Each structure stands twice: as C-alpha cells, then as structure tokens.
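The data blocks that follow each hold one structure.
Shared between the two complexes below is subunit A, which has subunit B as its partner in the first and subunit C in the second.
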Partner chain A sequence: MGLRFDLLLFTAALLFSPALSDLVLSKVDRRVDLTTQVVRITSTLKAENTGGNSVSEVLVVFPDRQAKTLAYLSAVSNAGKGKAKVSSVTLPVKEVELKGMPPSLVGYSVSLPEPLGKGESFTLDVLAVYAHSLKPFPEKITQADIQLLVFEDSAYYLSPYEVKAQSLTVKLPQARIESYTKLENTKIHGSDIKYGPYENLPPFSYSPIVVHFESNRPFAVARQVVREIEISHWGNVQVTEHYNIVNGGSEIVGEFSRLDFQARPHIRGPSAFKNLVAKLPPRAHSVYYRDEIGNISTSHLWGDSKKTELEIEPRYPMFGGWRTAFTIGYGLPLRDFLFESEGKRFINISFGSPINEIVVDTLIVKVVLPEGSRDISVSAPFPVKESRETKFSHLDLVGRPVVVLEKSNVVPEHNQYFQVYYTFSSISMLMEPLMLISGFFFLFITCIVYMHADMSISKSSPSYLAKLQWEEVQAVIQQIDNIISRCLAVHDKLEASLRDLSRTGDVQACKAARKLGDSALKELTKELKPLLSFLQSSSQAGHVVSKVDELVTKERELQEKLMVKLSTVVDCYEKKLSGREIENRINAQQQKITALRQEVDDLLEFIDEL
Partner chain B sequence: MAPKPITSPVPDAWYPTLAVLMLAIGLVITASFFIYEATSSRKNRSLAKELSTGAVASVFLGFGSLFLLLSSGVYV
Partner chain C sequence: AVCCAVIAILIAVVASSPTKGWSGRSLSLLDPTYASKYIPIIASVSEHQPPTWPSYFMDINVLAFLVPAGIIACFLPLSDASSFVVLYIVTSVYFSGVMVRLMLVLAPAACIMSGIALSEAFDTLTGSIKFQLLGYSSVNSQAAAGDASPDSTSAQSNALKPDKSEETAKERTSKKSKKKEKEREKEKEQVDQSSVQPRAGRRLQVLPLEASIIGVFLLILLGAFYVVHCVWAAAEAYSAPSIVLTSQTQDGGLHVFDDFREAYAWLRHNTEVDDKVASWWDYGYQTTAMANRTVIVDNNTWNNTHIATVGTAMSSPEKAAWEIFNSLDVKYVLVVFG
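Our next item is the complex of A and B:
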C-alpha cells in the first residue's frame, strides 16, 4: 500500500512540480514524539525564495490518511537564532484547496508575517498533533503482555517544494524497539531513531517507514466529555465534568487475575493504567469525584499557588478495551475567571479537559450563564460548533442561557483559553433573594388569611353565635386589660415624680407631673366606661364581669390612695418637714398601696389567662 | 481599558456568619408574629401590624436562607 502511494506521489510530483518551484526548503528538521498516545510532530522549516516573485504563504501538505487523524496544527515563526530567540509569533493557518496537486493530499497554507522577497529566507516551526494515529499491534494481548504500537510516516518530508537538506528524529518512550524500517543513514541513540540527513530531494518525495515499539503509557481515550461551567455571580464558577473513558490500547483477552495484578502490577498488567491526574486551576475548592453508584474514595488532592492537582483512580485498573464513566466537579473563585470590560462581562476559562494526556473524541463544553444574561457571544481560538440551550437550576424562573460548544478530536494542545461575552445587570442578582423572600411572605400571608377567615359551616347555630359573642367579650376584656395596664404605667410615673421630689425638692415639677397624670387617668376612665357597660350587658361575660369589676374598683382605690399619698408628700415638702417625719406620715398609706397593687396585678394576671 | 475582575457583592467568607445572624433575627421575628397571631383576639388584631411583621420576617428569612445556601455550596 505504501509503495503504491509512493508511486502515485512520484508520478504526481513529475506532473505538478513546476507550479510551485519559487520556494525551496533549504533545511527541514522533524522531531516525532511518540512518548505518549498523542503523536506530536514538530517540523522546523527554513523556507528560501529563489524565484523572482515575492511569496507570502507557505504550503504544508499531509497525505489524507494522516490528515484524518490530525487534531491540531499550529505554525510559529522561529525568527531568532539559538539562544537569542525573539518572542515567537503564531502564524495564521488555514485549510486550502489544492489546485494542480494529487487528490490524496490535504493542504494548509501558513501566512508569513511579511512577504518573502527574492533570496530571503524565513524559519518557522510547524506543530502537528495526531490523535488515534498509533495503532496497537497485536490488537489483542493478555494481561501479562506488554503493549506494542505501530507508527507509520515518511522518512522524507512530504512537501510541494524541493527540500535541500532534511533529517528526522523519532523519540520513543522506551529503548525496546520491536522493529523499524532501515534506510540509508539510519541510526539508533538510546530510545531515539534518527533518519537522515538526506539532501536534494524533489517535491513530493515519500519513503514510508514503520516503527514497531513498546509503550505502556496510559492510552486514555474519552469517548465523550461534557464540561459544564456554571457561573454564579454570588462568587463561584462551578465546573462539572462527565467522563466516559476507555483504554484505547491493545484489547485484553483471556481472564483477568486480580491476585496477579495486585502482587506484581508491573509484570502482570503493564498495559493497564491505574490512575489519571487532572491539573485543575489554582484555588479550586469543593472537589469531588463520583460515578453513578456514588462517591469514589480513591483520589488524592494537593495544590499550591500555581495549580491544584487531583489524582483519581478508577474503581478498577483500566485494561485495553475496558471502559469507565465518572464525574468530577470543582468550584473556582469568581475573580480568577470572570472579568468586566467596556460594559460587557466575560468568562475566560480553558477549553479542554484538565486531565493530562487524554484524547477526547467529542468534547462538549456548556457555559451556563446567570439568568438574565443577554447579548451572548463566543470567542474561541479554534473553530467549534456552537449552539444554545436553556437550563433550569436553583431558583430559576425563565431558565439560564447555556452556550454549548462542541469539538471532536481534542488533544491537550486544545487546552487554550476561550471567552464568552455577555451583558448582565447586577439588579438581576436580587431575583433569587426576592424569590425566597416572596416565598416566606406567602407563608405569612397564608397564616394571616387562615387566622382571619371564618371557617365554620353553619353561621346560625347557637354554639357558633356563642363563640362569636365570647370572642367579642374577649376583645373587650383585652381592651380593658390594656387600659388598666396604661393606668398602672401612669401610677408608676407618679411614683417616679415623687422620688424625683425627694431628691431635688422641686415641688412645682411634682405638681405638674400630677396634673398630667390626673388628666391621663381621667381619659382612661372615660375610655373604660363603654367597655364596662358592654361587658355588663353581654350574656357571655357572666363569670368574668365580677372579676373585671373588682379589678376596676381596686384600681380606682389604688388611684385614690396614690393621690392622697401624693398630696401628703407635697404638703410636707411645702411645710418643709424633715424626711423622717414624711416617711412616718405616709408609711401606713404606702403599705395599703403596695397591698392594692399586688391585688391588681394578681387580677390582671388572672384575666390575662382567660 | 484593562479587564477588571468581578467579585461577589458580599465576600464569601461572610456567608456563614450572615446566614446564622439573619436566620436568627428572622426566626425571632417569626416567633413574635405567631405569638401575636395566637394571643390577640380576632376583633382587635391589626392587619397592618401582622403584614409588617410578616414582611420584615420574610426579608430576614429570605436573605438568611440565601446565605445559608451559598455557604453550604449551593451557588444559586
């Protein structure tokens, strides 16, 4: 197959090469990193313009078999030399339709920062990341077997341009290599295989190589990850991630022995992975890890000011083909992720999954904005499928707007920040407390209505009428009670004025207080009259009337005694008698007053209890 | 203009204190509401007083329960 492809390309090269001959790649240095399940190929290209016209873009091509697994492509200018590297600039890359080239190629064009004139050269780094491009071979192994993978590529850099000099380095995770394609100038340095240098190759040169090597690195592939990022303006960004993970390596055949695995995990189960490490943002809190059955306790969390690391272990070791599903969640402080700029708010948060070296087949990121957000727009560093939905959560009326972003074939390189912009008025934050308040208020209203409503069925029955009357009596008694209490308060005030008199000797002030008290008491007596007559006329009040009457008369008596005492004391002061003599004179009165007061208090208490 | 970080209107650390405080006040007022309902007779019960006590109590209970939710990790 490879050979046929080569032949095809070769003929294609013969046919199409003159069209793009302006540019020449004077040096190509490729490094293939196979240490993880994700294949990363970094190509350093030195492009030189030999033609007359200036060139503003460089074409990068991939055979379509590779392009299918290509997950991420980026180009960075590599302007400086050696250690004096100038800050690198990311160059825009876009897919182009290739005209006049073999149909089995997919091309991308990299725009240069400035057009390249005749004789000028430019160096750029192209990083291509592939997911699912390493194939396990054999496809099925037993528990004790090691996992072997196959990697295929070309020893020559596939390019529509002529390549003057090139080399290729393949970095493997372990020094153990099952087999590899030997070409001229092939060397092995520890776990590295070096091809090249090769010189002066025409455009579309292709020479397939196959590397078959051992790798027991985790092959964690998430079939689907749903990340839900929920913003609460009360101070939290809640992230919930649902994972559906499978070990994408060689499938296990035969039975699984837990005993062997526990005793010697490196020999009896090297291809399994036991744990996953998620690198969460700093200051993450309330971290949890659970699945459908409940909490999974095998996890560890530690953090510092730069990051929080969560190590989780699935319920069982993950052998090839085995799958697991779980959920992790964590809260993040609002101020680290939510910003305001020019009247718009935006969340700035990373797109990909925080788990290290994981390939996600379908990543769905849902950003749940607070209720009442408007003018939503998304800015992502790479193309994503965008849609909207509504979510109902705690204390929602119309639902929260949700931005759904979907992307397939996500590799760790996609862990870049994206932004969701929206406008939100702070007044909308009061919606939730207002709902709670109205809920409680409704409860109180119900109580009030219940207490005020008349629930009896027959409105004319004697017992009902008696009850109504009794309620009226009760109300009157309460009023009387109230008036008596106010009378007693006036008494207290008068007593206080007496004490003031004994302290300051100000007779006028005492007289004024007495006048005030007198008028107040008169008022109260007037108020009392209709109530008492009502009570006497009421048939229901029979047994209470006597008590109330007693109370009223006692109170009146108390009033009189108090007035007498008051005038006595004032008289004494006017005659300038000594303190002892005053005391002697009012002693008897005082005793009576105290006794009466006691009686009145007792009666009040009795009536209160009705 | 550089983006300005947004923070919550009330610092997170205050939520538990606020919850306890406001719920305590709210429950005391609720208690006084029900005592008033139970002790005053139907004839001389003042609707305005009932409504105002209820309103004040529900404001305290509402904010109190909001802060209780927030402090227990339910970010509404």
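Our next item is the complex of A and C:
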C-alpha cells in the first residue's frame, strides 16, 4: 500500500512538477512527538520566494489516509533565531481544493501576514495533531503484556514545493523500540530516532517509514462527552460533564487477575490506567463525581489560585477495551466568565474537556442561557456545528435558549476559549423573584378572602337561623358555667372559714364569713335567673336544658346542706361541745355534701364539653 | 349457608396440603429440626438459626434482667391485662430462642415487661422518699386515703383532735414548730381535697431515705445507658449498609472498600445487555439494580429447586458446573472470596 502510493507520487511529481515552482522550502525540520496517544507533528518550514511574483500563501498537503485522522492544524509564524518569540502570530489556515495535483491529497492553505516579495524568505511552524493514528499492534494482549503501537509516516516531507534540506526526529515515550524502518542517515539517540538530513528532494517525494514501539501511556478515549454549561445571573456557572470512556489501546484477552494487578501494577497490567487528572478553572466549588450507581469516592481535589486539580479514579482500572461512564459537575463564579462589550453580554469559557490527554470522538457542548436572552451568536476559534434547543428548568415560563455546539475528533489542543454573545436586559432578572412574590401574595389574598366571605346562600334559611341560635345558647351556657363556678368558690370559702374556726376557735369571724357568703350567693342566684329563663325559651337548647336544670337544683341543694352544716358547727362551738359530738352531728350532712359536690363537678364537665 | 360452604372449602384446602397449611418456615418453629431434614435451604439462612446468648444482650440489653422482675410484678395482682402480657412474653421468648429473626417479636414484649418492672420500682422508691421526708401524719392520712370516702372524714377529725391537743400543749413553743404545724395543716387540706381518688388496698413498704434516693438515681442512670446502647446498636448493627465498608487511613482519611460496587459497575459497562449473571441469591437484587443484568436467582426466588440448581453448580467440580451453567445460559458467575 505504501509502495504503490510511493510510485504514484513519483509519477505525479514528474508530471506535475512545473506547477508552483515559485516557492521553495529551503529548510524543513520535522519533530514527531509520539509520547502520548495523540501524534503531534511540528514542522518548521523556511519558505523562500525564488520566482518573480509575490506569494501570499503557502500550501500544506496531507495524504488522504492521514487527513482522515487529522484533528487539529495550526500555523504560527516563527520569528527566527535570536529574536524573542513575542512576535509570533497565528496564521489563518483554510482547506482548499487542490487543482492540478495528484489525487488522494488534502490541502490546506496558510495565508502569510504580508506577501512575500522576490528573494524574501519566511519561517513558519505548522502543528498537526492526529487522533487515532497510532494503531495498537498486536491488537489483543493479555494482562501482563506491554502495549506496542505502530506509527506510519514518510521520511521525506510531502510538499508541493521543492525541499532543499530537511530532517525528521521521532520522539518515543520509552527507549524500547521494537522495530523501525532503516533508511540511509538513520540514527538513534536514546528514545529518539533521527532521519536525515536529506538534500534537494523534488516536490511530492515520499518515503514510507514504520515505527513499532512500546508505549504504556494511558489511552483514554471518550466516545462521547456532553458538556452542559448553565449560566445563572445570580452568580453561578454550573458545568456538568457526562463521559463515556473506553481504553483505546490493545484489547485485553484472557483473564484479569486482580491479585496480580494489585500486588505489582507496573509489571502485571502496564497497559491499564488507573486515574485521570482534570484541570478545572480556579475557584471551582461543589465538585461532584458520580455515576449511575452513586457517588464514587476515589477522587482527590486540590486547588490554588491558578487552577483546581481533580484526580479521579474510575471504579476499576481501565484495561484495553474496557468501558466506563461517569459524570463530573462543578460550579464556577460568574464574574470570571461573564463580560460585557458593546451592550451585549458574552460568556468566555473553554470548549474542550478539562481532563488531560483525552481524545473525544464526539464532543457536544450545550450552553444554557438564562430565560429572556436574545440575539444569540457564537464565535469559536475552529469550525463547530451549531444548533439550538430549549431547556425547561426552575421557574421557567417559556424555557431557556440552549446553544448546542458539536465537534468530532477533539484533542486537547482544542481546549481554547470560545464566546457566546447575547443581550439580556437587567430588568428581566427581577422576573423570577417577582413571580414568586406575586404567587405567594395571591395565595394569601385568596385565603383571606375565602375565610371572611359569607358563603351562605340565603340569610333566612332555617339551618342558618338554627346555627345562630345555637351560638347564642352556647354563650349563655358559658355564662351559667361561670356563675356556678363562682358559687362553688363561695362554698370553698365557707369551708375554709370552718377550718379556721376549728383552728382558732373564733366564732365571730366564722359568723361574719357566713354572712358574706350568704349575700354573695344571693346575688349569684339573681344573676342566674334571666339566663335560665332565656334557656327555657330558646328552641335549640332542648337537650341541654334538662342538664342545666339538674345542675342548678343540685347546686342549690348543696348550698342548703352546707348552710345547715355551718349552723350546726357554729352552734356546737358556742355550746363548747367536744369534737366527737360535732362530728357525729354533721356526719350525715357531710356525706351528702361530698356526694353532691361530686355530681356537680361531673355535670360541669359534661356541659364544658358541649 | 354460603358462609358454611366457604368455611368447608377452606377447611378442605387446608387439610389437603401435606403440612396442613403450615409453611416450611413456620413448621421449623414448632420443630426446629424440620428444616434441616426436609428443606435445607431454609436452614441455611443465617437469620433462621437459633440466637446465641450474647445476641440477647446485644438486642435487649438491660431489659434482659428487668423482664423477670416484670413478670413477678404482673403476678401481684394478676388481672386480665397482666396475664396477657405474661403469656406474650413467655411465647415470644420461646420463639425467639428458636429463630433469631424473631427477636423482633420479643422486643416489644420485653419493653412492656421491663416498663412494668421499672414503674413498680420507681413507685416504691419515690413513695419511700415521700414518706421519709414528710413525716408520720401524712402516713396516716395517706393510709386513710386508701380507704373508702366515708372513712376519710373520720380520719380527718382523728387528725384534728390530736392536733388540737398538740397545739394547746405547745402553744408557747417557737415559730418553727408553728410553721411545721401549719405545714401539716396544709398537707392535710391538700390530702382532703385530693382524697377523692382511693387506691384499692395498697400497703406502703418503706425503705431508708438514702437508699431510696440512690436507688432512684441509679435507675435513671440505667435508663440513660440503655438509651445510649440502643442508639449505638441501631446505628452500627441495623443501619450500616454492608455493601460499602470503610476504615481509617493513616493520615486520617477514609478508605472505602468498594469492591462490590466496582464489580457491579464493571458488569454494567463491559458486558452485553442480555448477558446473564449467576450468583448466590444474596446478591440478586443488588446485581439487578446496580449492574442492570439478569440474574438466575435473587432474594425473592420462591422456587427452592432453582436455588438448589445454582447451589449444585457452585459446589461441583468445574466440568459438571460448566454443564449446569451452560444449560442455564449463564455468561458470568459472581463469587465473593477473600
């Protein structure tokens, strides 16, 4: 396959070499970085204008196969040796149709900041990042095997221009190299392979090389990441990320021995990774890490003023081919991310996943703006697929507008800032509290109105009248109750005076007390009369009247008996009789008094319960 | 007639079953060897085993020696209610001795019994304190209050008379004694007013004052310790979810033994959706909920033969076990070891 491509390009070079002979690459230095799961190729090109016309763009081409895995391409002007790199400028790169060139090539055009005149030269750095371009070989390994990867590329820089001098350095993660293509001028320095220098090669020259090497770096590939960024003007940006992660390296076959892995993880299980590190923005709070089962407790969080680092361990070590899924969420302060310009607000936040060295197959970023945002526009540093949605959340009437940005083949270089612009009037912020306040207000008003409204249909209906009368009866009974209690209090006072008598022997005081008691009782009886008559006349009080009457009669009996007892005792004292005699005489009375008192109490209780 | 027919059908159904309507578990209550002879799977459940002696103390703690006191208290006097409670406690003690799960039945009975015992003890002690602090006269009125109300007046006048003579004798004594007498008067008045509730036939037993105070204090302390123990037992033994075990690391952090959830998460993400998992029935519900896979037997399987099949597979040599699991279409087997 590589050989045929080679031949094709040689013939193509012969056929098409007259084109584009203005520009010549005088020096090309290529560095291939294979230390992680993504392949980063940095090419430093020194372009020289040998033709007559001024040239304003440089073409960079890739074979189809490589272009499929190309995830990120950027070009930076190189200020050259000796000068500080302050003046390096990112050059715009866009894909172009290649005319008059061999097929199965994809071309990108780098626009120079100013046209290159005759004889001038310009140096630029081109960074190309490839995801999924390292193939694990062998594809299935056991738990204790090391992971070997295969990398294919060309020793000569594939370019539509003539290349005067070039060199290639391949940097490997470890010193262990299984095999590599040996061409002329190939040297090994530690874990680097150097190809070159090669001189004076025609355009479209291609020489395939294959490097088979060991790499035990974590191969974390996320099949899908959904990042939801919810903005709340009350001061918080809530980011929720859902991950579906698989280990993209060599798949594991055979059994997994936890015992071996736990005892010596580097010898038994070198191809697995146990944790992932995420760099969150500084001042991130309320960080959670959970999956469908629940909270995952194996995580560490520490932060300083520049970043917050979160180290998460999935529930089990990730061997090749194993999948897992989890959710990370955190909150960020709003003032770090929301800004204003020209009357529009915009949010400036990073696009990619915060996890280090992760390749995402499909990344979906949803930015949820507050309700009432209008004129939404997105500006991103690389092409993304945009769409709109609505999300209904707390206290939403019409829903919040959601901007959905989708991108595939995302590598860590894509973790740049993007902006979403929108307009939002500050008054609309008051809508939510006003809604709550008015809701509760109307609820309370309704309750008040309902309580005080008179819902009776007709004022002269019998049930309504009956209700009114019953209320009157109840009031009267209350008053009767009161009076009876006062009577009982007077009885108690008289008894107390009796006891005083027995203690001090003062008959006069007793007689005086008795007089007072008598008058009080008479008054109370007078008060009782009109109430009783009202009760008799009222029609509603039927069942109560009998009980009340009983109560009154008993109370009167009690009164009489008490008076009799009092008089006997006083008599006895005047006659200076002994205690036993007194006791004999009032015995019968006393019994009746206590019995009556008990009955009166019971009746009072019964009436109270009505 | 319909009623009789229904009852007749019911009797026929019950009589036709080989165990006359009793299920396996309840029969093993009456005959503890029944399960191990005929239905070994019931005998294999650890909750169906007889309890050990320490487990009684762990569950009902102090009540273990308050219950006999309560039984004695129920016998004097023996009324309908107290004989019911005695029967309840005796049968529940027997049944909880057969199956440790029935400790739940013993617990309310034990609480009631020890409550009775404690309340009797408190009555005696506080009565002694009251007697010791308030002197003899209140004893008389107290004892008198126990009689029917007609006698209470005689008691009152009895008290009146000696008091009056006392008074006349001590007329010229100090204020202190007068205050004491007034106190006694007040006490009598209160006793008079509240004398309406007679307590049928109670004889007051009197203990020394210091002993009574210490006794009350110790009983309260006992109750407090019991509460502490109950809270601890509920937190440690009855609320701890045993799916996650924790321990302290050297630097004060919490180390979590999360191997169950790890296994269930692995099953959830790395197996096909309709793969079946065989395990012992203890893990059935957890596997279904957390791993989202079909299990062969779980906590609610009534088919003992099915559980026995899985048990046979677990305890056979590999070749035989493989055949059994193959016939059940099982792809994964979950075992707990270590």
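Everything below uses one rule, namely that the second predicted complex is superposed on the first by the 440 of 610 C-alpha atoms of A that agree within 3 Å, B and C clash if a C-alpha of one lies under 4 Å from a C-alpha of the other, contacts with A are read in each partner's own complex, and residues count from 1 in each chain.
Convention: contacts are C-beta pairs under 8 Å (C-beta built on N, C-alpha and C of every residue); 3 or more make two chains touch, one makes a residue touch a chain.
As the structure is a prediction and not an experimental result, all values here were calculated from the model.
J.: Using the superposition on chain A described above, determine whether A:542 touches subunit B (first), subunit C (second), both, or neither.
T.: A:542 contacts neither subunit B nor subunit C.
J.: For A:479 in the superposed arrangement: first (subunit B), second (subunit C), both or neither?
T.: In the superposition, A:479 touches subunit B alone.
J.: Of the two partner chains, subunit B (first) and subunit C (second), which one does A:445 touch, if any: first, second, both, or neither?
T.: First partner only.
J.: Of subunit B and subunit C, which one touches more of subunit A's residues?
T.: The partner with more contacted residues on subunit A is B.
J.: Return first, second, both or neither, reflecting whether A:381 touches subunit B, subunit C, both chains, or no partner chain.
T.: Neither partner.
J.: Between subunit B and subunit C, whom does A:331 touch in the aligned arrangement: first, second, both, or neither?
T.: first
J.: Can A:345 be said to touch subunit B (first), subunit C (second), both, or neither?
T.: first
J.: Over in the complex, which subunit B residues touch subunit A? Could you list them?
T.: Spelled out, the residues of subunit B in touch with subunit A are 1-12, 26, 33-34, 37, 40-45, 47, 50-51, 53-55, 57-59, 61-63, 65-66, 69-70, 73-76.
J.: Considering only the defined contacts, which subunit A positions touch subunit B in the complex?
T.: Against subunit B, the touching part of subunit A is residues 230, 232-236, 238, 286, 331, 333-336, 338-342, 345-346, 348, 393-395, 426, 429, 432-434, 436-441, 443-445, 447-448, 451-452, 471-472, 474-475, 478-479.
J.: Sort out for me which residues of subunit A touch subunit C in the complex.
T.: It is residues 291-294, 297-298, 315-316, 322-325, 499, 502-503, 579-580, 583, 587, 590-591, 594, 598 of subunit A that touch subunit C.
J.: Given the complex with subunit A, which residues does subunit C contribute to the contact?
T.: 149-150, 153-154, 157, 160-161, 164, 167, 185, 189, 196, 254, 256, 258, 261-262, 264-266, 268-270, 290
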